[in-house]
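Two complexes come next, and they have one chain in common, chain A, joined by chain B in the first and chain C in the second.
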Partner chain A sequence: MQWSTIFKKELTEHWRSFKWIWVPIVFIMFAIMDPLTMYYFPIIMDSVGNVPEGATLDFPTPSVAEAMIMSFSQLGLLGVLIAVVVSMGLVSKEVKSGVYELVLSKPVSFTNYITAKYVAALMLIAFSLAVSLLVGWYYVNILFGTISLVQITVSILFFIVYFMMILGIVMLFNSFLKSQGLVAFLSIITVVILNVISSIYSHVITWSPTLISDYINMYFYSGQLETEIWFSTVAAVAITVMCLVIATITLKNRAID
Partner chain B sequence: MDATLIQLLLPLGVLQLILIVIALIDLRKIDETNGPKWMWVLIIIFFNFIGPIIYFIIGRRT
Partner chain C sequence: MTLMSVEQLTKTYQSTTVVNELTFSLEPGKCVALLGPNGAGKTTTLRMLAGFIKPTKGEIVFNEERFSRDVRHYVGYLPQYPVFHNWMSGEEFLTYVGQLAYLTKHEAKAKATELLELVNLSDAKKQRISKYSGGMKQRLGIAQALIHDPKLIILDEPVSSLDPIGRREVLNLIRELKKDATILFSTHILNDAEEVSEEILLMHKGEMIKQGAISEVSETQGTTSIHLSFEEEPKFIEERLKEIDSVFKVNREEEGFIVAVHDINIARSQLLDLIKHEEWELTRFEIGKTSLEDVFMKAVTE
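The block that comes next holds the complex of A and B.
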C-alpha cells in the first residue's frame, strides 16, 4: 500500500516536470543522429566541406550492424549522462529541502522509500531507451538494411539491464550525499572507472556488467548471443541489489543521527 | 534535397519543436529559475536542441 503511494507520487512528479516527454525525445535524437549523419555524410561534405575540385572522396557506407551499434554507443555515452542527471536529485534533493523528513514522519519504511523511487526512475529510463532504440532501428532499417525485431528487442532488454545498474549506483550516492552535483559527478566517475577497468581486463572479468554493450555489439555482428552476457546480467542485477540495500541502510543510519 | 531526406528529417524537426514548446510551457508554470527567466526564453528558442535540455537540467529550481 505505502509502496504504491510513494511510487505514484514519484510518477506524477516525473510527469509534472515533463520528464516523460523530454527524456524520450532527447534519447530518440541521440539514437538517430549518428546513423542519419553517416548516411548523408557524402551529401553533407559536398555542400559544406570545401572539397577541392576534382578530388573524389570515397566514404564506405557503414554496414547495418555498424549503423545500429552507433545508436547504442551514442546512448551508452550521452544516454548514461542524461540518466544520471535525471536521477541525481531523487533522494538528495528531498533530504536537502526537508521533504524527506515529511515523508518519513509517516509510517514509511526506508526500503519502500528507496525501491519505489528507484523503480519509478527505472521505468522512465527503460521506456525512453525502448522507444528511442526502436525509432533508431526504424531509421537503420530504412537507410541501411534490415535487422530482425527479435534481435533489436533482445538487445534493448540487455541494454536496460546495464542502465538498471547505473541507476542503482546513482541511488547509492543519493543516500549519503546532499549535493546533487556531487551525486552526478561521483556516479559518472564510478561508471567511467568501471568501464575502463573492465575494458582493460576484458579477457579476465568477462562477467563485468559494463561489457554488456560490447556483447550487444558482437550480437549485431554475428547474430549469436555470447554466453558471457548472461553472467554480466547476473552481475549487474547483483550490483544493483547491493547498491539498493546499502542505500537503505545508509538512510536508516542517517535518520538515527 | 530529395523527398526521402525531407521525410527523414521532418520527424526530427517535429521532436525539436515539441521540446521547445514543453520547455516554454514549463518555464511559464514554474515559480523560480536559476537566473532570469527572459534569459532562459532566449536559450530555449535560439539554442537548437541543446537549449531546452540545458533548461530542464539546470534551469529548473524546485
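The block that comes next holds the complex of A and C.
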C-alpha cells in the first residue's frame, strides 16, 4: 500500500511535469529521423540543387534491417541520454530540496521508496521506447519493406531490458549524491565504460548487457535470436537488482544534513 | 509513566561530537521546550528522537517498549525548514504523507480536511503549495506532522522564521495541541518557551546544562534586573542608583538603565522610594525577565 502511494505520486509528478508527453515525442523523433532522411535523401539533394550537370549521384537505399537498426541505434545513444536526464533527480532532488526529510519522518521503508520510484521511471521510459519504436517500425514498413510485428515486439522488449539496467545505475548514483548533474555525469560515464569494455572483449564477455543492442541488430539481419541475448538479459537483470539493493542500503545509512 | 526516556544519547560525526550523553525523559501530556543557541545540537537531537538518524551511542526507549514498531509510527515531526512537493496542493500533500504513514486513502483524506481546518488553511487547500506564504507553509508543516495522530509531536524551531503574526498563530496552535498530545519543540527564544511550555531542556555545545520545570529554572537564575526609563535623564542618576545597597550594577542602555540587584523585593521599594523622593519623571519601571543570554551566561560559567 505504501509502495503504491509512492508509485502513484511519482506517476502524477511525471505527468504534471509533462514527462509523459515530451519524452515519447522526443523518442519518436529519434526513432524516425534517420530512416526518413535516408529515404528522402536523393529527393532532398535534387531540390537543393547544386549538383553539377552530368554527375550521377547513386545512393544505395538501405535495406529494411539497416533502416530499422538506425532507429534503435539513435535511441541507444540519444535515448539513453534522455533516460538519464529524466531520472537523475529521482532521489537526489528530494534529498537536496529537503522534502526527503519530511518523507523520512514518516514510517517509510527505504525499499518501497527506491523501488516505487524506479518502477515509475521505468514505466515512463518503457512506454516511450515502445511507442517511438513502433512509430519507427511503421515508417520502415512503408518505406523500406516488411518487418514482422513479432520481430519488432521481441526487439523492443530486449531493448527495454537494456534501459532497465541504465535506470538501475542512475538510481544507484542517486542514492548517495546530492547533485543531479553529477548523477547524470557519472551514470553516463559508467554506461560508456561498460560499452567500451564489452566491445573490446565482446568475444569473451558475450553475456554483457551492453551487447543487447548488437544482438538485436543481428536479429534484424538474420531473423534468428542469438542465444547470448538471454545471458545478456540475465546479466542486465542481475546488475539492476544489485544496483537497487545497494541503493537501498546506501540510502538507509546515509546521513542527512 | 514516561512517554519517552533517553539515556546517554550521543551523536558523533567523524571526530566531532554534536550531541553528548543526553539523559532526560518526556512525560505524557506535557509541552517541553528544547532551548539552546544555534549549533547546540538541537536539530540533531530532535532528528534522533524522531527516529530517522541513528544515535552513535545511547538509548531511546519509547513508552516502555509497549510499542515495538518503528518509532516513526508514533512521532510527528516538523523540520526547521519544511519543504514540500510544490506541485501538489496542500490537501494532496497531506493525503500523500497520511498514506505514507499507513492510513487508507479515505482516512488520510478525512484527516487532511480536519487538519486543514485546524491550521486555518481550508481556503487554500486546493492551491498549489508553491503559492503558499511562509506562514502558511509552516502551518501546513504542522498539519503534516499531525496526520497520523502521533503520541509525540516534535517541532524544530516552529516559530523562529515567522513574522510576529505568524508566530502568534503557531504559538496558539501549539497551545491547542497541548491538550491531547505531548509536544517537544526547539527554540532559541526563551519567551516562546515561557509562553507555551511547562518544562525546558537547556542545551549548549551538545550537552544538557539544565532541565526542569520552567518556574524552577528561571528561579534558580533569579529575576534580578530592573529596567528604568525617564522622561528626562536626571542628573547624577547613575551615582544615585549605585548608592542604594541592594543595587550592584547599573548599565546604561539606549532607552534608559538596566539595574542589576541582589533582592528584587527590597530593591523595588528602595528604588521607588528614591524616585518618589527625587521626583524623577519615571516613564518605565519593569522587572526584567531573565533573558536566555543571562541563563546561558550563568549556566555555562557555573
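Side notes on the structure shown:
As a convention for this text, the second predicted complex is superposed on the first by the 253 of 257 C-alpha atoms of A that agree within 3 Å, B and C clash if a C-alpha of one lies under 4 Å from a C-alpha of the other, contacts with A are read in each partner's own complex, and residues count from 1 in each chain.
Definition applied: contacts are C-beta pairs under 8 Å (C-beta built on N, C-alpha and C of every residue); 3 or more make two chains touch, one makes a residue touch a chain.
As the structure is a computational prediction, the values presented were derived from the model and not from experiment.
With chain A as the common reference, the superposed partners chain B and chain C fit together side by side. Applying the stated contact rule after C-alpha superposition, one finds that A:S17 touches each of chain B and chain C. Looking at the shared chain after the overlay, A:I6 reaches chain C, while chain B stays out of its contact range. Judged by the touch definition given at the top, the superposed model places A:G98 against chain C, while chain B stays out of reach. Of the two partner chains, neither chain B nor chain C is touched by A:H203.
In the superposed pair of complexes, A:I256 makes contact with chain C only, with no contact to chain B. Of the two partner chains placed by superposition, only chain B is touched by A:Y139; chain C is not. When both complexes are overlaid on chain A, the residue A:P107 reaches chain C alone and has no touch with chain B.
When the two complexes are overlaid on their common chain A, residue A:M29 makes contact with chain B while staying clear of chain C. Aligning both complexes on chain A leaves chain B and chain C separated at their closest CA atoms by 7 Å. Applying the stated touch rule to the two superposed structures, the overlap between the chain B and chain C interfaces on chain A comprises residues 17. Listing the residues of chain C that touch chain A in their complex gives 13, 47, 50-53, 69-70, 72-73, 75-77, 79, 81-85, 87, 96-97, 99-102, 104, 141, 144-145, 148. If you check the complex, the residues on chain A that touch chain C are 1-2, 5-6, 9, 13, 16-17, 97-99, 101-108, 255-256. By the touch criterion stated above, chain A contacts chain B in their complex at residues 17-19, 21-22, 25-26, 28-29, 32, 36, 40, 43, 82, 85, 93, 139, 142-143. Residues of chain B touching chain A in their complex: 5, 8-9, 12, 15-16, 18-19, 22-23, 25-26, 49, 52-53, 56-57, 60, 62.
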